[in-house]
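Before I ask anything, let me first share the structure, which is written out below as structure tokens.
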Amino acid sequence: MEQRDSEAAPPTLGVGMVGYAFMGAAHSQGWRTAGRVFDLPMRPVLAAIGGRDAAAVRAAAVKHGWAAAETDWRDLVTRDDVQLVDICTPGDSHAEIAVAALEAGKHVLCEKPLANSVAEAETMVAAAELARERGQLAMVGFNYRRVPAIAYARRLIADGRLGTLRHVRFTYLQDWLVDPDFPLTWRLEREHAGSGALGDLGAHIVDLAQYLAGEPLVGVSALSETFVRERPLLAGASAGLSASGGVERGAVTVDDAALFTGRLASGALASFEATRMASGRKNALRLEINGELGSLAFDLERLNELSFHDHTEPAASSGFRRILVTEPEHPYLEAWWPPGHALGYEHTFAHQARDLVEAIATGTDPAPSFADGLQVQRVLAAVEESAEKNAVFTPVPTAPQASAQASAQTSVQAQV
Amino acid sequence: MEQRDSEAAPPTLGVGMVGYAFMGAAHSQGWRTAGRVFDLPMRPVLAAIGGRDAAAVRAAAVKHGWAAAETDWRDLVTRDDVQLVDICTPGDSHAEIAVAALEAGKHVLCEKPLANSVAEAETMVAAAELARERGQLAMVGFNYRRVPAIAYARRLIADGRLGTLRHVRFTYLQDWLVDPDFPLTWRLEREHAGSGALGDLGAHIVDLAQYLAGEPLVGVSALSETFVRERPLLAGASAGLSASGGVERGAVTVDDAALFTGRLASGALASFEATRMASGRKNALRLEINGELGSLAFDLERLNELSFHDHTEPAASSGFRRILVTEPEHPYLEAWWPPGHALGYEHTFAHQARDLVEAIATGTDPAPSFADGLQVQRVLAAVEESAEKNAVFTPVPTAPQASAQASAQTSVQAQV
Amino acid sequence: MEQRDSEAAPPTLGVGMVGYAFMGAAHSQGWRTAGRVFDLPMRPVLAAIGGRDAAAVRAAAVKHGWAAAETDWRDLVTRDDVQLVDICTPGDSHAEIAVAALEAGKHVLCEKPLANSVAEAETMVAAAELARERGQLAMVGFNYRRVPAIAYARRLIADGRLGTLRHVRFTYLQDWLVDPDFPLTWRLEREHAGSGALGDLGAHIVDLAQYLAGEPLVGVSALSETFVRERPLLAGASAGLSASGGVERGAVTVDDAALFTGRLASGALASFEATRMASGRKNALRLEINGELGSLAFDLERLNELSFHDHTEPAASSGFRRILVTEPEHPYLEAWWPPGHALGYEHTFAHQARDLVEAIATGTDPAPSFADGLQVQRVLAAVEESAEKNAVFTPVPTAPQASAQASAQTSVQAQV
Amino acid sequence: MEQRDSEAAPPTLGVGMVGYAFMGAAHSQGWRTAGRVFDLPMRPVLAAIGGRDAAAVRAAAVKHGWAAAETDWRDLVTRDDVQLVDICTPGDSHAEIAVAALEAGKHVLCEKPLANSVAEAETMVAAAELARERGQLAMVGFNYRRVPAIAYARRLIADGRLGTLRHVRFTYLQDWLVDPDFPLTWRLEREHAGSGALGDLGAHIVDLAQYLAGEPLVGVSALSETFVRERPLLAGASAGLSASGGVERGAVTVDDAALFTGRLASGALASFEATRMASGRKNALRLEINGELGSLAFDLERLNELSFHDHTEPAASSGFRRILVTEPEHPYLEAWWPPGHALGYEHTFAHQARDLVEAIATGTDPAPSFADGLQVQRVLAAVEESAEKNAVFTPVPTAPQASAQASAQTSVQAQV
């Protein structure tokens, strides 16, 4: 019996991905899975993967199931079988690749942080706006918005269940830099990573704070610190977040930790801490939001759970309830397993793929947009400025009309 | 640039799967993912899927990525492109399909419980033993052994970290039958499901208890109950664990809950509770094991965590530690994400696929074997016998030589 | 300025307490505190403490603030300044002291378990009934009913918030006998303690199960075990639960652990485990109750918290909520600290004192009564009987008219 | 039989307490209990209680067991039967009473915060230093240092188990001001309370941070906010933290919340949040400390537990362990109940009483001293200054020689 029912098959969406390290593996899993779990209007095809090292990118293509491999991203972004370019490289190349892909007529998904500077991000926003007029979409990969518990938290807040917000409180704690002999990978070099814990972890929690609260940060006050100022130079390749070092040492040029407070547009107080030096905390993206009518709490180390306190209930019977966010009514859960069957980290990439495919199929704007990514970048820049200026409260510029700021004519190459 | 490096490609393993409901979806995800995450010695190919309803099985093939669809499992198990048959049907068809597949020269993976009766299970063990002589392997799908935290717990116990065991304590609590109007699906009919919470949930915790302790249960004392004795007849198809009912009612012929105590071979006391009537508990497979030197605790609703108490430490600084089982040193984790990045329920199926593929490639016996599945079946039978006999302590027969009990000549068809 | 306002002072209630070990210290704290925290209708006066060792009882009187000391409990129970006798001795002397105190016209508070046998307990109930006609009250000290979270749980169940009960699940796990060299104290000798973990810990959870459910156990099936059959003979005095042993060993004549299942009158299934061999569990009296409309969970190691799941809420926003039972609306909390300020173990004795004083002042029957204590004793006896009879389901006799069973003429002395 | 063994009785210590509201009740319980639980070298006698309202103070004396009542604190601090003055009044009267008591030759225990201003606190320190030369002691009541889990945390840090500290993270969250109609009590008026959440809650966490880390804060950056700027004027008396309001409204003159970051002397980063607007958080004094060798976490809502991560263990078996701080080896626990029997909030006052009595008996300096209280005051002042100056990083003055700053000749009366 033959099985392919071509008359019913949805149109395909060719994906070309640049980068094949940790994020490349995670995105591959997302693209591979989304269409098998969700009923998508277009079927993602893993068309081509790009990377500079020919042998490595070929091995990655085989391993992750990409049909072709390219060693020059410029070739990848212009392939005919690619309609969407997925950028999984370090931040210093985001702007150049994204602008080129958009100019080549492709949709773009770009890993976070959007860029290593506000200027780059502005250029990207400008390119995305131009491309939007041609029907192309651009999204930034703040994948934690796609944790079902986070998406459900947003729904509760949008529905008014928390009332006026008073406090948002975010930490993102990891511990892989506690060991002073962990070597100097690209994530510890300003030229590649832009910043340290701030851009890597802080970008996530800034985005989530603004997303969940539904309003921007208007200013911040910050301290930052590099506890271990020299580390062994890298010996050989690094994989994931692990690596091994040699005898010589080099300077760490990014922050180990960033600590900042702020105010949201509504007047709520916000606090943030991003660090890779919190021994025992592996991936503790934790948040608490307190409103006049209720509160929420979440910890990424228990990503299937959301804590919700309903302050409108009688005091005697109220308390933080642990919602297992695995019911069919919860975001993204309609397609997964029965209640109580846990999802994991990489599901966020399948959810991201689903949302982007649906946006492309329907021509609607995906979120978070490049403009959202730019807004996060502005916050990060204000954090760095405040940290340099004795923690003084530093305003975050109101989002200007990006097109007015960064003309599409600007040469991206000149900036990166 | 061309990418397929055929000289390096591992041999393929054609998989044929029977059944395409909840378990079928989960197994598909496992087969699809295992080879993309782990470096497997053979590459699983989703060759064919089988089911009785032609349209439904075709749709399932498209959705889950199987190359072909079959409406008669007998055709599927004899396909040339199938080397491994994966059985995901209700328990009443396990024996017939498994024996046929083994006789057709295929390896077999069979969902739990192995069968609906000890006699069927014995027949399957006998067939597996014969097939083993021909180099075929057979495994039963107690997937929770592949939760990394469970596998790591087994390692700690095997390493002697708990010392002599005193207590094992298991519950498996769900709540999808609390509503008396939940309809009469096949899982509530003895002829299809064999038993209720006992076989569905109890089988898992009996297997885990014996696996973790490394020793069998020698006897049990049991109570069981059907709280809701009539339910609406099913109206239309059911999906996952959800379904909708009509106006007429029929008799529930299986248990809603089973409660039993027992003794392990070493003398440790054991307690078990399986129920689908525990409101608020969605998938609470929880275990505690207390030994003279330490204790463990686990809850499937937090499947990335294992609690471990080391009783050899000074009392003042000891306590149950929450191990996030996401380190590269943990079972199965070498291939996944950095520490702290959670895995989910369906990862167990990828791990199961990995272990079985490796066993096939190396010709080693996989675990849990059909004999392990039979041993679980004997415990379940003793539980039912005890429950019928006023809870009297009922011995579990010591595993006999299966070949002596159930001749391979026995016609399986006659029994099912 | 003089301060005593004698015209407003409430009448006093002279308390005489027998025993001055762990329970004696805890009860002293209760009597000392109750009148300082609650507005009591009678003021408890610590009139006299009794014990056999003259020096030790004198020291206890000074330490705990008792006005007088007696070395013969017969002298204590007949003192004119004593209106209430509080019995804190091992179980083998409860019946004799209680009956004598009741015959001497005193109110009686007796530590749990009420007695070491059903026969003794029946005699005590009979004596209490006779005394009740003379206006005397008798209460058994199941102090955990006075944990605010437990009392609040009872209120929720009584209010119907859980609906029809399906499951009650109790464990009481400690670990002070894990060390095989812990010596042979009186708690390990049948003649003094009656039983082991069963009477010590099991009595509490049987009482709580029946109290919370509001219905009796109608039968049980039990296993019990003595894992360590010989222990060092006691060298010197023991304090609290700690002691030190010598070189010689003697036989442990009680159970280390008791495991039993049962049925409540309504048909709900019950499970119980009492052990002092669960390494890492210090005082884990844990309970879960599942009803058709909701569920509760509690752990004495976190005694200020109650978990409540309301199954009538929408599935998407429901979950176990952690109620911090420190609100003024909660039982006993009106007199304590602001919300969130934790209470501890010994508060239960102050609450018990309050309730008993109020009962005495108003002439109402206190709970748990001696009849409640007898009912627990009957369950414990059925557990022992079942454990001896291969775990067969053993009915718990329905509470008979105690006066018909145990005539008050029966000489208590002859039995103890 | 007579019981008082006067030859063995320890000397007495007459206590005079000023104030009888929430803190007065808690301190009474501490004084009443300490000598009954611990073997103290001096026996505290509740000699006299002071308050302005004659009827209320008399009632408090009767209720809490004080032998005499005084309506003028000046009379109380000069009583011959008082050797120790315990100050439980609002902060605006601390300095005057403490200095008078010290000048009257009494030991002093003063509730936190030490004073409402740095100047007052300096005067108190100067008076305490003079008095110290006469053998008098002075202590400030940061009672949370006496939570056993906190004291044990300090021991672990002092023993080097955490190594070099990187982060300290404190919140103190309550919710009793969430309701905008909660009335304007003295705690919301700057003239009485000095500040709002900052002095009430922030003082505790600043003290704990410095105590646990064993080093001072060298500077802070702060935001603060008054979310509800007007509240109903108080109608009638308030009790504990509850009160009821009338129709007219008045201005709230203190902060609802204070959020600040800082640096410890060693370079560790610190964050603090004090608020009474976090719905659902009742008494959430939570702390986390991350060091190079280990980490700690604690939550006052679970005050018997300390979480400890030992980073020197193998990654696979490490994790935060939940230490139940109820072992006899733990601070203060030698005198309480067996392991696993929880303590509560007010035990901290008994522990404080024990430590102060022992210091007095042995003539050693108690901690926290008035100088420690002054140091906290300096941090609070720097927080307020930073909050007024756009969050700019504001140094905390290094503790000067208090005697050089605030001459004892300074008239305290003139300042308060």
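Chains: A, B, C and D, in written order; residue numbering restarts at 1 for each.
Just so it is clear, a contact is a pair of C-beta atoms (placed from the backbone, for glycine too) under 8 Å apart; a residue touches a chain by one contact, two chains touch by 3 or more.
The structure presented is a predicted model; accordingly, all values stated were derived computationally and were not measured.
Contact with chain A and chain D alike is made by B, C. Using mean Cα coordinates as chain centres, the one most removed from chain C is A. Look at where the CA atoms of chain C average out and do the same for chain D: the two points lie 36 Å apart.
Taking the mean of the C-alpha atoms as each chain's centre, chain A and chain C sit 56 Å apart. For chain A, the set of residues touching two or more other chains reads 281, 309, 318-320, 324, 339.
By the touch criterion given at the top, residues 152, 156, 308-309, 314-324, 327, 329-330, 339 of chain B touch chain D in their complex. Chain A makes touch with chain B in their complex at residues 1-5, 8-9, 22, 26, 28-29, 32-33, 36-37, 39, 54, 58, 61-71, 174, 176, 240-242, 281-284, 300-305, 324, 326, 328, 337-347. Listing the residues of chain B that touch chain C in their complex gives 166-167, 169, 171, 173, 175, 178, 180, 221, 223, 225, 227, 257, 259-263, 267, 269, 271, 273, 275, 277-281, 288, 290-295, 309, 311, 318-320, 390-393.
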